Amino acid sequence: MSEFFKKIAEKPFILASGILGVSYSSMKRIFEGGAGAVVTKSIGPILRKGYKNPSIIEILPGTFINSVGLANPGIDNFISEIKELKQNNITTIVSVFGDSIETYTQVAVKAQDAGADAIELNISCPHAEISIICQNKQLTYEYVVAVKKELKIPLIVKLSPNVTDIGEIALSAEKAGADAITAINTVNAMVIDIETQRPILSHGSGGLSGKAIHPIAVKKMFDLYKIVRIPIFGCGGVFTGEDAIEFFLAGASAVQIGSALYQDYNAITNIINSAKKYLEVHNYKSFSDIVGNAHKFETQEAPDF
Amino acid sequence: MIKKPRMVQISEIVQESKDVKTFTFNIKSILSNYSIQYQDPTPGEFLMVWVPGIDEIPMSLSGFNNNKDWSITVKEVGECTEMLFNLEKSDLVGIRGPFGNGFQIPEFNFNNQLNIVVGGGIGMAPLIPLISELIKLKIKIIVIEGVKSKEEIIFKKYLKNYLIENETFYISTDDGSYGYKGFATDLFNSIIEKEIEKGNKINQVYSCGPEQMMYELFHICEKFNISFQGSLERMMRCGFGMCGLCVLDPSGIRVCREGPILDSKILRTCTDFGKYNRDFSGKKNTI
Amino acid sequence: MSEFFKKIAEKPFILASGILGVSYSSMKRIFEGGAGAVVTKSIGPILRKGYKNPSIIEILPGTFINSVGLANPGIDNFISEIKELKQNNITTIVSVFGDSIETYTQVAVKAQDAGADAIELNISCPHAEISIICQNKQLTYEYVVAVKKELKIPLIVKLSPNVTDIGEIALSAEKAGADAITAINTVNAMVIDIETQRPILSHGSGGLSGKAIHPIAVKKMFDLYKIVRIPIFGCGGVFTGEDAIEFFLAGASAVQIGSALYQDYNAITNIINSAKKYLEVHNYKSFSDIVGNAHKFETQEAPDF
Amino acid sequence: MIKKPRMVQISEIVQESKDVKTFTFNIKSILSNYSIQYQDPTPGEFLMVWVPGIDEIPMSLSGFNNNKDWSITVKEVGECTEMLFNLEKSDLVGIRGPFGNGFQIPEFNFNNQLNIVVGGGIGMAPLIPLISELIKLKIKIIVIEGVKSKEEIIFKKYLKNYLIENETFYISTDDGSYGYKGFATDLFNSIIEKEIEKGNKINQVYSCGPEQMMYELFHICEKFNISFQGSLERMMRCGFGMCGLCVLDPSGIRVCREGPILDSKILRTCTDFGKYNRDFSGKKNTI
């Protein structure tokens, strides 16, 4: 197991991309709160302001919709942030996107050169052009192969739930050399203000995150665990230790936490402590002891007649 | 808290100065239509104000009362504030919030100590409910309003209702067209020295305004060992602690959540304060 | 406009399939509460007990997961129920499924003969074999064409959100002769009990319904309205008048209500009254005046750079 | 209410008769682990009880106390109840609820009126907390327990703590192996006639048991103009009003939600009562 995956195995809780991932200082807080690694905001080849506000809204308790639109300062402006992260000994996954195979690769390589411990390929943002990649197994294969070729560090591929068969996309990424999968990115959604009759988000639609998508993400994890052999990072609606444990039981090697972190900075520590408490109470030594345990049971495959 | 932006009808618009207007709206309809639990705002908290089709921007509450009339006081500086200026009474505007921490207000005025409130221009907005509260608590205050020029003075009438000009309420203009000629910081410095000479102890300075002004005020306070609370401005997307755009280095403090009111203890650690902020992409820019 | 669609236009609120749709008497209550029509539980060619319990669970306030597994008494046992519905003058949509084109058609024809006002083709139950149909535009086409050929009454096709592109499936159904679309069926999901480590539903996974899926359903509606010309019935998480209005604004000709009806029987009346109040306050004469209004606004298509 | 099934440890198991056991568990751990709001159950409410890997079935609460110990009393009749019977102290069982409406209990015993409680076999289970409540409220009651044979008598010891056998507590056996020989309905009829002769007014009959028994009790009550409340059983999937499996014709009443306790007014309209119910597919079967 590479150095990177060893670190993740020790502390299988990771900050998800796009939440508190603009500057090293918030990522440092999350890391110090107990995360094994942080994923930065998705970084592209050039500065991008993204969509106007409203772009992030809480629509149900603990459920959010966003269309940030991949706002980011561009990789060249972000290098200093990566260096600060590494100076603070923070295990850093840089989330990367581009507008072509070339720019994806360029950004990934620049991030690697700046000291990133791993790259997460964002091919799945539902409210941006790039979502087309993760909807197509061939495109996924091509992008992953190309980026992987230039990397010495591990490559994680982040997938979307907005597809008919996430399994075939994951297999494609695995075949192309991905070292791990993150599932899931946000779920396509829209909220309309009935007074003005217009969609609330400036972009119109956006991605659903938080509590509402947790059972959707757990199902994807359960399905993926049967199909791919590389580690899968579970992502979507982890707010409690219980939510995290569900992911491990469904097959996650690690859990990413995003939306929940809008709360106090100690939210991540509370989640981790509660998940650790579960191990203790149930006499497990580590999270790896429970990975995939939900697959041990027979479920009723055919209905009763 | 109103989490999803909700439209509310503007009930009153007051022109405070050439480019500053106060908009008032009653939020009772929102609370009842969407069964939202109500909590009184704290001075210093802010709203995200949505002008549909244009933008959604942070605005401090410049007033609120028991009847649930809330107000914001807006300076026209760009696209969204311009569109706000075009609105008329009965027009709709979207709001969510209030967000942020609000000022820490002493529970009573022990030892008869003195608090000083310093606002720079539109920075007076969140200070108005603070001043009302301090007066209600019978806390001795001095208010300094600093503006560039006479035409920019706002809230004078309101403040003169409660405070005596040139005794507990001072105005400074950069060009000397009204009151003290010079920067509010200089006026502040001289008032402090005077009060200390008189043997008075100043135990708290509250401020909102241009960051350079607050930066200097803070350093004057440090020199005199006075606690300081300043309301910071940073680019805001979510307004409630999720996106990370408004984060300060190296503490990770979120201006929208742990702030916007930051005290001396936090400001001492803060490498951004008075130095740099971030644009909507997250890129650092020097102030 | 056919008689059926006229009735729906007058009262564009419909009971969704599978909720209180076993016996005529509960459907009668919903109809009397103001619905323009009711959709029965999905009926198949033979008696089917479905999956064992637990099969319906509330997992977040107003959000549910179910794997009923198309339990139904079979069309022959259900004919009496359809007749009771018609004797009570209830506009009745019979939801139909099968295990082949032939059985789908047989059940639909029997329902038509028993007096159904319309047929809703369930090709989209996420926890049953039939979900494969709605994931494939060719299969969708073939099933719809075949059933439509034998029907004199309108045919509604119910689609799933668990696909990459719901638009192409809807187009396929339209081309095949569907008279309307219902969107959406439930979203694939899973909940795991961490004490026993097993999925809670006896079938393992199930379909998410209720509040959590409303913004997902609104987005599908918004997308479909741009693509198909036949009426679309919005379904998913309607709990309030506001939720219903969102659907109309996004493009729904009518709204189906399911999960919310677990509440008191007056829930449907409350929703309808609140939606009507909106028309009144905003000076509209009928719901048709607002259908698709959310499309009038420009949203920010490209992000700012 | 516990909405998602939550596992709880069985703290006590009591063998009530050959094929009836009472399982007790304390729900405090569920309430605190998952911050669930607690409300005291009402007699007559039921739980959905999950035996993982087997089934989830409705079970009335046969007891609850201030310490939040809840109990169910189970008769072994099929697969899931058999698996329940295999469980031992400290084993886990999943529960959600309580669901349903519970018995309507008079607030006080006006005019010294008499209530009669009639249980058939395992139907005694939901009647136990009802009886406790009626006794607490000092309402005059007569309890009738009808069983097939002596070995099936349950809760006798408990009831004799509060009630005097053959005065306010009667047992009937079909085979005459204990107490009154014959059906509980016949015993009930004769008790009513006696009480009426004595000039006593019976203002309420509560019952749970085989539907044929309740059907007859209800008709006796109708004859004597006595209000009746019976706890009905129907196949249940959701338990909270969504699936429609437990619905009664032609009222649309959901046994799991508007019931399981149905009063005379509702039963009079009900064409299913005593006639037919539905299996798990929704198909009607005659009772």
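Letters A, B, C and D mark the chains in the order given here, with residues in each chain numbered from 1 onward.
Keep in mind that, in the parts below, a contact is a pair of C-beta atoms (placed from the backbone, for glycine too) under 8 Å apart; a residue touches a chain by one contact, two chains touch by 3 or more.
Note that the structure is a prediction, hence the values are computed from the model and not measured.
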Report back the single chain whose CA centre is most distant from the CA centre of chain B.
D
Can you check how far apart chain A and chain B are, centre to centre, with Cα atoms defining each centre and the answer in Å?
37
How many angstrom lie between the CA centroids of chain B and chain D, rounded to a whole number?
63
Whole-Å gap separating chain A and chain C, where each centre is the average of the chain's CA atoms:
32
Averaging C-alpha coordinates per chain, one finds the centres of chain A and chain D separated by a number of Å equal to 50
Set of chain B residues in contact with two or more other chains:
53, 280
Which residues does chain A have that touch at least 2 chains other than itself?
47-50, 52, 59, 71, 191, 198, 202, 297, 304
By the touch definition up top, name every chain pair that qualifies.
A-B, A-C, A-D, B-C, C-D
For the chain A and chain B complex, residues of the former touching the latter
18-26, 28-29, 41, 47-50, 52-59, 64, 68, 71-74, 77-78, 191, 193, 195-196, 198, 200, 202, 259, 261-263, 265
Okay, in this complex, where on chain A does chain D touch?
297-298, 304
Along chain A, where are the residues that touch chain C in the complex?
46-52, 59-61, 63, 65, 69-71, 128, 135, 162-165, 187-192, 194, 197-199, 201-205, 208, 211-213, 215-216, 218-219, 222, 242, 245-246, 249-250, 278, 290, 293-294, 296-297, 299-301, 303-305
So in the complex, which bits of chain B are touching chain A?
3-7, 48, 50, 52-57, 92, 94, 96, 237-238, 240-245, 247-252, 254, 257, 278-284
Quick one: in the complex, what on chain B touches chain C?
53, 280
